[in-house]
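Each of the next two complexes has subunit A plus one other chain: subunit B in the first, subunit C in the second.
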Partner chain A sequence: MKFRAKIVDAACLNHFTRVSCMVAKLARACTLRIRPHKLNFILPDTAAGGGVSMWCELPQENFFSEFQMEGVSQENNEIYVELTTENLSRALRTAQNARALKVKLTNRHFPCLTVSIELVSVSSSSRMVTHDIPIKVIPRKLWKNLQEPTVPDCDVSIYLPVLKTMKSVVEKMKNISNHLIIEANLNGDLNLKIESELVCVTTHFKDLGNPPSASEGVSQDRSPAEMAEVHVDIRKFLQFLAGQQVNPTKGVCNVVSHKMVHFDLLHEDVSLQYFIPALS
Partner chain B sequence: MKCVVAGGNVKVLGKAVHSLSRIGDELYLEPLEDGLSLRTVNSSRSAYACFLFAPLFFQLYQVATPGQDTLRCKILMKSFLSVFRSLVMLEKTVEKCCISMNGRSSRLVVQLHCKYGVRKTHNLSFQDCESLQAVFDPASCPYVLRAAAKVLGEAVLPFPLALAEVTLGIGRGRRVILRSYQEEETDSTIKAMVTEMSIGEEDFQQLQAQEGVAITFCLKEFRGLLSFAESANLSLSIHFDAPGRPAIFAIKDSLLDGHFVLATLSEPSPNSQDLCSPELRQPAPQLQAHSTPNLDDFANDDIDSYMIAMETTVGSESSRTLPPISLSPDFQPPCNSEEEDEAEPELSTVPGTPPPKKFRSLFFGSILAPAHSPLGPSPVLAEDSEGEG
Partner chain C sequence: MPLIAQPAPAESDYSLVACLDNVRNLSTVLKAIHFREHATCFATKNGIKVTVENAKCVQANAFIQAAIFQEFKVQEEPVTFRINLTVLLDCLSIFGSNPMPGNLTALRMCYQGYGYPLMLFLEEGGVVTVCKINTQEPEETLDFDFCSTNVINKIILQSEGLREAFSELDMTSEILQITMSPDKPYFRLSTFGNAGSSHLDYPKDSDLMESFNCNQTQVNRYKISLLKPSTKALVLSCKVSIRTDNRGFLSLQYMIRNEDGQDFWLLLVDWIRQSHLWNIMKFALNGLFLESGE
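Right after this comes the complex of A and B.
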């Protein structure tokens, strides 16, 4: 198993840093899956994580100027490692104004993902920072838990409003209730609702538009005004919103009534899927 | 004692108090002929700091008012710090700061003369005390590193704020290496990220140490002095010796000097042992590669060393880690006893406060007659009576 890659372009480096910061906000620990053409940050659906799962995918070519990897075997040309996301984002944050960044798998005192950064210093001399991020290599028998989650047939699929607006709304709601009701219909309406003994608060977003239904598998016979609703843990939703520092190029919310809500975001070339299960 | 600090120097004084506050809970104020000294020591006596402000630093500097004895005093760091808490406020509104010591009422009076005629007076009660003096001599340290504070400030920037200690050493190609120090605890499954900074010799104004030497010290205190030195745009020199011997961090300009004396880990850290191992050699070939622009070291990396055998790695993880270091409470016998005896005649810990980790306590002698020094377990100072007048 070998892996090393290099970033030299400042814009690519910034983009990669942003992605790692986003991942760090969404999950404390995650799995990094390395394949010849793609990288994934994966948070599998576990009971400990409250059923939340994440799937982030980026095409390797758009970030790395050099990329070499050799998986476990010819047929299984993949590497799965688990790491603390905070370590990765902190390591990358020191790479601002870096001349080059290299990532590689090493085994010094313990298995690590080593990030070496060549910094630009005041004098012409080179300055190097290396971060050894401890990793846990995931054995092949556990890989099956880390495959791309299938998106269940949803009842309503709707484009998301500006995430910052949603975030400020949900932040206020969090003070009143732990339960958030997300409602959406095929008329482009999205409601965020909380209900407590004393008060019921609803924020309505209108004319958001619905993605073409055929591809999303939305049932055709649904009346456009009928709301599909799902109850979720407001903190999990807020965590997702807080992780989004820049508004995505495209954002879709898929509601599976009383089962789960699925968010599908696209940041330039990086796709992020986030699943929040419904509260029973 | 009476002194007046004016203009921008108020902020300089404030900054010094801020960096002292990272070390100790008590501030020792002593007016001397060659300036006002502010000193502190931490509770485990493993770190000592002093600033000396020359008489020229002040608009007015009077060691003793006529007919009065010279006083020295000890006050709570917290209360003195609160006077200088907001550096922005000091810079924007304070025009003058008068500090006077009144022996009769045992009060230290700090007056801030602000804009628009506002005057803030702080009456801080103090205790008489003996002089706090650490015995140290930068000249006796064989190794010296000196660099602009900015260089060192940038060097510690990648390290997390929560990190307790760093190892500083000289690696291959005379590159200066800073690395996060990891305690080898029993629980080896939770590993922390190891960060290493490697800086070329060219960034240092002085580098008098051979490859392979290394010391480990507390980062927090070092950051304290660094932030002061950075704001004053000074160079900082680090005088050090073998592991376990105190390291002296010094800054100096015409109006003030500052010395931080920090204990270093007495056992060679697992990290520093590696200074000559392949691990730290690595920056050297990279350095060569970087200096020749078109040659990319990427292709020259020894890829075999990055291989990880997968299924085995998971199983034998613990066997790959370094053997745990024994945490002996006893200090290691000094390596060269003669020098040791001279500099630290009464090596001892403060009772009840075992030295944290493997740091040895520094010895602080009293400059008063030895007869007044307690011969008990504490080598430090005769404390005054409780009275707070």
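Right after this comes the complex of A and C.
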């Protein structure tokens, strides 16, 4: 099992830092899956996490100038390790304006993901900063829990509005209620709603547009104005929004009535899927 | 329109309708008096008065004059209701407390009358938020009977002069003593805390002093915990008027500048509090200092 990669381009380095910060905001611990062409940050759906799950995918060649890996075996050319996301994002924070960044799997006294950062200094001599991030290698028999989640047939699929507006609205709503109702229809309307004894607040986003239905599964006989709704924990939704520092190139919200809401975001070439289950 | 599920009541059914191009003109003033959860609102043709009270001895009033609103209609006056101010402020700032410049939140506020909720329609960049805030039985508010004819001493200061003093008040002192006098020390703030006492004097001819009208020496003491919340208003204001009457009641009025740059005494926040008579003996920790009340 071997892994070694290098980033030299400043833009790629920034992008990678941004992705790791986003992941750190969404999950405390996550699984890093390394394959010859792709990297994944995975948060599997567990009872402890309240059923929230995340799937983030990066094509390796868009980030790394050098990339070598050797999986567990020939047939299973993959590596799964678990790490604390904050350790990675903190390590990368020192990599701003770095000349190069190297990541590799090491085994000092315990298994580590070693991040070495080459920094430039005023006096042209470069400095190296090395972070050893403790990891846990995930054995083969547990891999099956970490596969790409299947997107359930949704009732309504809609493009997301500006996330910043959504975030400030949800932040205020959180002060009033823990319980958020997300409603959407095929007319491009998305509503965020809270109801408490004191107050009812509804924010209406209009003319967002609906992506062309990709699968046959989407019920065709649905009337365009009919709302599909889902009740979610407002803190989980806010956590998702807080993790989005930059507006995605494309953002879609898929509502499965009374079951879950699925967000599919595309940041340049990094895709992020986030699932929030409905409150019963 | 998904906005209105049931047929909307006709315009004439509302006892209060108020529209504002920039909601911050309202939320800023309300924030200044937000030191208790609930507020009582009175609306007349002249505008809306929002009152917050604490411990039956402090009252804060925010007057939002009708002229501030782009549209303002009151059917039968006065329209009175009590509302949760915390919730109201959260709703008013739903699109964020610090919006992007040039991105204003517009507000339409409607109230149908006794027993009905207060409806807020907020709009920013095409996104609409509808809030339905339940109103409560209005409560009797205090009448301090503070009238200008009984005012003995009056000072108008630029707020910046008082801002620092108030934010650094020695909170270990139970009281703030205010001395106003035609002679030295003119205007003095004193605290008596664990670490000793402190006095802060403002000379009569200071640049900060906009006007000085003191006729009689008055030394009054006010509970510091009741005065401290007024710091919020002080921070937002540009001028403050300090008045005391013959009973020792204190009135603080703040001039808050409108965001649109309208620069007159439009928005006034008024604090009136009862002077406390202190008959207890108090030892400061240094042991040297002993004082008794009036």
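By definition in this document, the second predicted complex is superposed on the first by the 276 of 280 C-alpha atoms of A that agree within 3 Å, B and C clash if a C-alpha of one lies under 4 Å from a C-alpha of the other, contacts with A are read in each partner's own complex, and residues count from 1 in each chain.
Just so it is clear, a residue touches a chain if its C-beta (ideal position, glycine included) is under 8 Å from a C-beta of that chain, and two chains touch if they have at least 3 such contacts.
In this text, all values refer to a predicted model and were calculated from it rather than measured experimentally.
Engineer: Putting subunit B and subunit C onto subunit A via the overlay, clash or fit?
Structural biologist: With subunit A aligned, subunit B clears subunit C, so fit.
Engineer: Touching A:Pro139 in the superposition: subunit B (first), subunit C (second), both, neither?
Structural biologist: In the superposition, A:Pro139 touches subunit B alone.
Engineer: Could you look at A:Leu208 and tell me whether it touches subunit B, subunit C, both or neither (first, second, both, neither)?
Structural biologist: neither
Engineer: Determine, under the contact definition given at the top, whether A:Val151 touches first (subunit B), second (subunit C), both, or neither.
Structural biologist: In the superposition, A:Val151 contacts neither subunit B nor subunit C.
Engineer: Is A:Glu197 touching anything from subunit B or subunit C once the two structures are fitted on A? First, second, both or neither.
Structural biologist: second
Engineer: On subunit A, which partner touches more residues: subunit B or subunit C?
Structural biologist: The partner making contact with more of subunit A's residues is B.
Engineer: Roughly how many degrees, to the nearest 10, is the angle at subunit A when you join its Cα centre to the Cα centres of subunit B and subunit C?
Structural biologist: One gets 70 degrees for this angle.
Engineer: When the two structures are overlaid on chain A, which partner does A:Leu279 contact: first (subunit B), second (subunit C), both, or neither?
Structural biologist: So A:Leu279 meets neither subunit B nor subunit C here.
Engineer: Just to confirm the value: shortest Cα separation between subunit B and subunit C in the superposed three-chain model, in whole Å.
Structural biologist: It is 6 Å, taken between the nearest C-alpha atoms.
Engineer: If you look only at subunit A, which of its residues touch subunit B in the complex?
Structural biologist: 1-4, 6, 66, 72, 84, 87, 90-91, 94, 102, 104-112, 116, 118, 121-134, 136-137, 139-140
Engineer: So in the complex, the part of subunit B that touches subunit A is made up of which residues?
Structural biologist: Per the touch definition, subunit B meets subunit A at residues 150-151, 154-155, 157-158, 160, 191-203, 279, 283, 286-287, 290-291, 298, 301, 303, 305-311, 313-314, 317, 320-322.
Engineer: Going by the contact rule set out above, which residues of subunit C touch subunit A in the complex?
Structural biologist: The contact residues of subunit C facing subunit A are 2-3, 84, 86-87, 90-91, 93-96, 124-134.
Engineer: If you look only at subunit A, which of its residues touch subunit C in the complex?
Structural biologist: 161-162, 165, 168-169, 171-173, 175-176, 189, 191, 197-207
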